[in-house]
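The first chain written gets the first letter, and so on, giving A, B and C; residue counts start at 1 in each chain.
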Amino acid sequence: MEREIILKAQNVSKHFGGLAAVNEVSMDIFRGEILGLIGPNGAGKTTFVNVITGMLPITGGRVFFKDRDITGWPAYKIGRTGIARTFQIVKPFRGMTVRENVAVGAMFGHNGHKHSTKTALKKADEVLDFVGMGHLKERHADELTLPYLKRLELAKALAMEPELLFLDEVMAGLNPKEIESAMELVKRVNQQGITILVIEHVMKAIAGITDRVFVLNFGAELAQGTPEEVLNHPQVIKAYLGEKFVERQKRKQTMRDA
Amino acid sequence: MNYELGQGLVNVLLLTGTLTLVAVGFSIVWGILNIINIAHGAFIMVGAYVTYWLFTLWGIDPFLSIPISMVLLFIVGYIVQRYLINYVIRAPLLVTFLITFALEIVIINLATVFWKGDFRSVTTAYSGAGFSIGEIQIPYVRLAAFVIALLLTGLLHVYMTYTKQGNAIRATGMDVDAARLQGVKIAHTYALTFALGTALAGAAGSLISVSFPISPTMGGLYTLRAFVICVLGGLGSIPAVIAGSLVFAFIEVFSGVYTPGLKEAIALLVMVLVLIVRPTGIAGKAFYH
Amino acid sequence: MKILGLEKFFSGRKGWLWGLFGLFMLALAVLPLFASGFWLRTLTLIFLLAAMAEGWNYIGGYTGYAAFGNVAFFGIGAYGTALAMLRLHFSFFPALLVGVAAAMLFAIVIGLPVLRLKGHYFAIATVALATAVGEVADYWTDFTGGSAGLTLPFFDPIEYSGQFFYYISFLLVIFGLWLTYFVMKGKMGYSWVAVREDEDAAKMMGINTTWAKVSAFALSALMAGAAGAIYGYWNTFVLPEEVFKIDYTLQMILSTVLGGPGTILGPFIGAFLYYILITLLVFFFHVGAFHETILGVIIILVMVFTPQGLMDFLSGKKKLTLSSLLENIRTHKV
């Protein structure tokens, strides 16, 4: 079956001075999937998302969203066209309540033109109930703990009613139990028909929820495939976990064999 | 060579010296403490008055009063930073900006009340004297001011590069926490940095008083000039200040020739244009973040 | 609606505080029937300051851009109105619209490039522009009268002049409060606060941040421009060094900070606080000549001890204790 490509990145590059943070990366994201984006620290994952979403000017390549060329669009236009994202370092609007934070997404996002502030606040309530923060609506954003701040990021993005959602390390810094419930939530979001790209460091999370995984290393594609394929790929193990880990694994293997 | 052009170039060079001294103190305070010291120009004004009064009351030669105004302003600067700004240094920008702004208007107001608002000048026996190369005039006092300005800037460079305290200041500017771990006393180092800035402002004021008329409100313009110079040259090094001063002097002298009343407005507009077109300055680091 | 910042004043004891505020406004509305001369003049000055502060609050309080050149809008409003009255022989109200339009246009043209700057760079660029505009007004003698100034006709009938300027300034303040309420409960208000709290996140959530910032800047120019227009006509004289005085910028910022930046009533109440404070000090210490020193000392004390304004104490939200005063120092010292 021919699957619909919702986002197509063609040879996308981002240079900072002489340094190529992202180098000629091509990626297809299919409608309805959860795609994992992994790679060691400094591999260029966040930079890649920043370039796609218009937060950073692109150096080279093209980006298509639903066959429309969105290369070089300003970030707010990309947000309105149906792409939402969360930030690795949470960015709540601290002077607003949780509800107002989320309402901003509804007001200015994909269907923002259809929302008045009133309907946007109603939408915010729905989204907050969905992510399990209904009881915190009237709290100030700066009173939240990290797991809830991460969840607020997600709620703000969801309120934009996106078709494609980038999640930048929404599970980093959470404990195993919190990760569990976050994974659950991501799956539920996906079931609503939203395509998701998860940038993750937590391997377990990636393997548990993604259909496909894309590996970046030194700003370039290293591998892509199903989670099992990718996680057992020797190059990936080496890049991701370092030479020492590979040796240790080998030693363990030989010890066990003996 | 065209006379006007030749005289203009000489003026650019002489002005560069003074402007470097005006801007260098402002630049280190900004670079190390991340404070825009709006009161910088007011400290320059105080330096100018120190020289004026020492000359008028006791006949002390203006050039000899430079160390006195430097020491005096060093003490003032140290106290201001140690016992005022240090307490709010990590507050949002509006706070430190407004505080130095308030200091400026306090200093100017006090100067106006005690010393009157009118223009004064330091006129020595050698004030009008000078020599000429062809038709180009070079007053002695301005040449001397140029030499002293560059000398002091050079001394600052030596201090920052070769002394322990200078290194502590630079380390603090790069990474406060690392510097603290290395045993640098941050509160003292901040106060020292600010005091160096005001001492240099004092020296600049003394030098300005021998060539130009002075008044309590003379400072604001120098603060803006210092800022423009930092923008043009970029933050972070003494050569950058010199480069910025040279560019600024060039703009000011040559725009001044053709449109007298507007030379400040033109320089300021140039700065805004530079900020907009090239937010990294002509040389130096990015401004954002 | 936390975004309005109303709860800062009326949380908990809503009823009687609103009543008190209503009574206060009513008293202001009927005051000219009883008082005259000195009191009308003083209150007119406070109203004009409050109007400017309300305007500064849009860009500085709600949008979070430390604008230090708003006096330029005041001056342009005054000059635009004066020139329209003198050169085009407009009557005052159409002339006021010309002045306000000029100030807003300037804010948009300047704002588009300058609002791309952040932090120190934005602050000083606005100082520089205000200085430059003042210099241009001084230099462009043919058009502005230069340092000789422009002389305007007196308000006619002159015996009602005091009342006229009182009421028109009062209306401007009320208009400012309404405008704040209207904007802040709409999408534009949300976009301003979002820009203040996190510009990148705002952008990514579909907010055209350039438009948000420029609109805040232009509306703050509207308020300052209108205040300038009224001031010029009231004063019957417009002079560059008077209407472009940087002190006005400081006063509007200080008023906003005293009352609480990013709140609907903060600037209005702050203008009164500021005026009362400075009048008391001048009165008790007989220090007329040190007016600016007092302004400066107040700014320093407020910035060191209560950078979030006095309202938290006055409304009983925070207790006025030594430790609450030292809180700012504790969090922000070296």
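The definition used in the following text is that a residue touches a chain if its C-beta (ideal position, glycine included) is under 8 Å from a C-beta of that chain, and two chains touch if they have at least 3 such contacts.
Bear in mind the structure is a predicted one, so any value in this text is a computation, not a measurement.
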| query | Based on which chains are in contact, what kind of graph results: line, ring, star, complete or other? | reply | line
| request: Quick one: name the chains whose C-beta contact count is the highest of any pair. | output: B-C
| task | Report, in whole Å, the distance between the mean C-alpha point of subunit A and the mean C-alpha point of subunit C. | result | 43
| request: Compute the distance, rounded to whole Å, between the mean C-alpha positions of subunit A and subunit B. | output: 49
| message | Distance between subunit B and subunit C based on Cα centroids, please, to the nearest Å. | response | 32
| Multi-chain contact sites of subunit B, meaning residues that touch two or more partners | none
| For subunit C, which residues are in contact with subunit A within the complex? | 2-3, 185-187, 190-191, 193-194, 196-198, 200-209, 262
| note | Listed in rising order, subunit B residues that touch subunit C in their complex are 30, 36, 84, 86-95, 97-99, 101-106, 108-110, 113, 186-187, 190, 220, 224, 227-228, 231, 261-262, 264-265, 268-269, 271-272, 275-276, 279, 287-289
| What residues of subunit A sit close enough to touch subunit C in their complex? | 53, 55, 74-76, 79-80, 84-85, 87, 91-97, 100, 103-105, 107-110, 112, 117, 140, 156-157, 160
| Can you name the residues of subunit C that touch subunit B in the complex? | 60, 66, 68, 113-114, 116-121, 123-125, 127-129, 131-132, 135-136, 138-139, 246-247, 250, 253-254, 257, 289-293, 295-297, 299-300, 303-304, 307, 328-329, 331-334
